[in-house]
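See below for the structure under consideration.
For reference, chains read A, B, C, D, E, F, G and H in written order, and residue numbers begin at 1 within each chain.
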């Protein structure tokens, strides 16, 4: 049972995930890391989120970054989104993640900022202590 | 059995959908229209797409417009996406729809351009005739 | 003692705050609402945050929206930022809020999306229950 | 007789075309590849499109990317456009391709995303089977 | 025989054309005005440009504004392009017009600036006097 | 006496000017090349333009690219502007050059597109022949 | 003899100038207000700046906003620039004003923010007291 | 006692600060250089500004560049802001710095333009001589 689920939309986002994982590890936060694309593995993603007992999700994706929003639609836990700069400096992923419709919030952090995703997760976990 | 499935992410996108529907109707193309948000109705959307026998999908969404990509991940049929201008002139929806990862294509048309979604669907249906 | 501190950078952001407040009220979340600009009331803001026992902050600001980041630098609690569209469709406030440096995270939601700030706060409060 | 006509606006777009061609080849889709600029070879392009019996067009262009729209104006077949990033990260080509006027649709895919152009063509060809 | 050919991509661009026409008229410059879309009337446009003896072209278009470039590809005369703001504040039309490939130049003026198209045409005509 | 005056805002724009110069030379167009900044050499620029008998000006500048507009305000000849990409992909220079106020037109070509500045100058000179 | 010279690029910028003038007046700062376009009145502007004994300049302009930079090139006094939103939300004027080349600085304030131009002028004048 | 306080938001902004420092040194302007983040060292920054007797501040920051505005809120002296390009070409820092609310002005110079920050400071100091 991990406190944080870290989900990458693509294996190519690994460098950003490593930044988050390093911060979580240094703070002794348990986590589970998965590569599950909202577009290429929708059913596996659905199963993973519905079975997960994570308290917070960190989702990392570039381009049409649907992953954070899709996860947020399947859990009532806080979902953090990290936009990855693949094209247009990451503006595409940023807008895809942050502009969620009413009722399904995603907590967006800065472009390529895996560190802050972890720091935000730690602050959120602190609310429960 | 409808040739085209028209899916709106929100009832507020109705004006754009009306443009598509009018073009389809004038060209005697059968269609089925649904309001199903990728974020608020993920399970209903999943069931709808998996049961549908539509040959082409027209998906209409604003903001973090995940709908087109999510539908494209659940069908092997062509999926057309129409970005709706709710904020930032629709740039957010445009980038959310068009910048899909490799392997899961969406056919994006212009911002608020419901007409062209229908015209493109008609061209695609023509390939099968 | 309120669970959520709602801080507006300007009285002109009231309409966005009302959306957040309505969602919090419907969900029986206690909150305290203040108008405190990071730029015009820096000392009052400093005192307010340091004395507050809120578990989550919702900060709402437009233009050079420093408020969310400044609050995040003065508390270890989760801080949610709502960019307000005053100029450039809100792109200025969005980038001011979301692009925080490493170590001081802000959870950014969509432009003018006071609703989602509240929904995110509720999810975060749920982690502690 | 090829199912797909792949047209490059410039020989410098070849790397993007190669991605499309590879996907088409792997899927045993016949194609014909041409370098024909809408601006430098308008008459040859006109002749080529009017004589072609392709079922789907993949058009690849950067900068003021008129090629997809010009082809769409000369055929009733579906036309897919791939924006190439030469300047401004490809935003110029993206907007040139996607913002077509009513009645002349282009199916735009992501910046430099030759793969998805081919995947979309395959989905479209599948409608006719 | 008119010195300036003024071509509108759409009848909806008439207000911008009126600005150009007014400046031309005040300066006693002869002109011929046509509504010919590069996308909807490609053959008529081709015939018109090839038969025209205009010394300068003013072309006015919005969205995927291919008209200026298409005209420039069919004449060796100077072609002025006026981007019209229909979506995204006219940024789409501006980039579509100004970012022409090497060898096929278009003289782009400001967004919605029909006046300056005429003023530029007058300067160009002055070179021949 | 040169037909074309080529003015660079900075010696660092030389690579772009070389492209223009090469096209002019190949076409046997006489030109005079100067490095004169609108901001650092305003008086020399003023003298140069007022004394010049060039029929067309090619002006090349990056960043806050005031050079083309300043030259256009001091001559009644056609002035071509080339935006140079120094920051923001050249969007700053493009907007500085193209968005001229009514009555003082500049003929803007694409970012870093020295070639097209020369090709446009040649078209303009042809009007006088 | 006025401490501040307020120069508008166009009479249409008057509403923004009024904001600056009101703040200056309330603070008993003497000023001289002129409408002088860098593009339409270059010689009058040159004479005005060279004769002025203002300690600080406030320059207000939209579109290709060359005015602030041109004034800064003709005086060694501090020059404040206010971008006016005429097109593209004022992004064109902002970039035209702020991206000055090395050696010729302009102090840019926010879009349409005449108030802050005056407040900044007052701070600058305070350095001399 | 230094005339100019140069404050960097991060040690990684040093290259930009060096440009400012070089210009100040060449002009025999005394300065004090500090690395103090508005987000990571808010209390040290507060103490530093309140104790400083600098006549002008040069503040250098990237991303969510709150530093210039925060300093401007704690002093009545002129504050110059230099946006640093870390992501999105520096557009995020530019908008964070320049779009200040009424009453708290920041004098923004160009992206990465440490030179002009110093040149502007020198002009401002000249007002007091």
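As a working rule, a contact is a pair of C-beta atoms (placed from the backbone, for glycine too) under 8 Å apart; a residue touches a chain by one contact, two chains touch by 3 or more.
Predicted model only: the values in this text are computed from it and were never measured.
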item: Common touching chains of chain G and chain B; value: C, E
item: Between the pairs B-E and B-D, the one where more C-beta pairs touch; value: B-D
item: F-G, B-E or G-H - pair sharing over half of the B-C contact pairs; value: B-E
item: Inter-centroid spacing, chain G versus chain D (mean Cα positions, whole Å); value: 48
item: Inter-centroid spacing, chain G versus chain E (mean Cα positions, whole Å); value: 35
item: Sites on chain H at which at least two other chains make contact; value: 63-64, 87-89, 91, 98-100, 103-104, 106, 110-111
item: Chain-chain contacts as defined at top; value: A-B, A-C, A-D, A-H, B-C, B-D, B-E, C-G, C-H, D-E, D-F, E-F, E-G, F-G, F-H, G-H
item: Chain G-touching residues of chain E, taken from the complex the two chains share; value: 85, 89-91, 110-112
item: Touch list for chain G against partner chain H, complex; value: 55-56, 76-80, 94, 98-100, 102-111, 113, 115-117, 119-120, 123-129
item: Complex contact set, residues of chain F against chain H; value: 63-64, 87-89
item: Parts of chain B lying in touch with chain A, wherever the complex brings them together; value: 9-10, 37-40, 42, 46, 63-66, 69-70, 72-74, 87-88, 91-93, 95-101, 103-104, 106
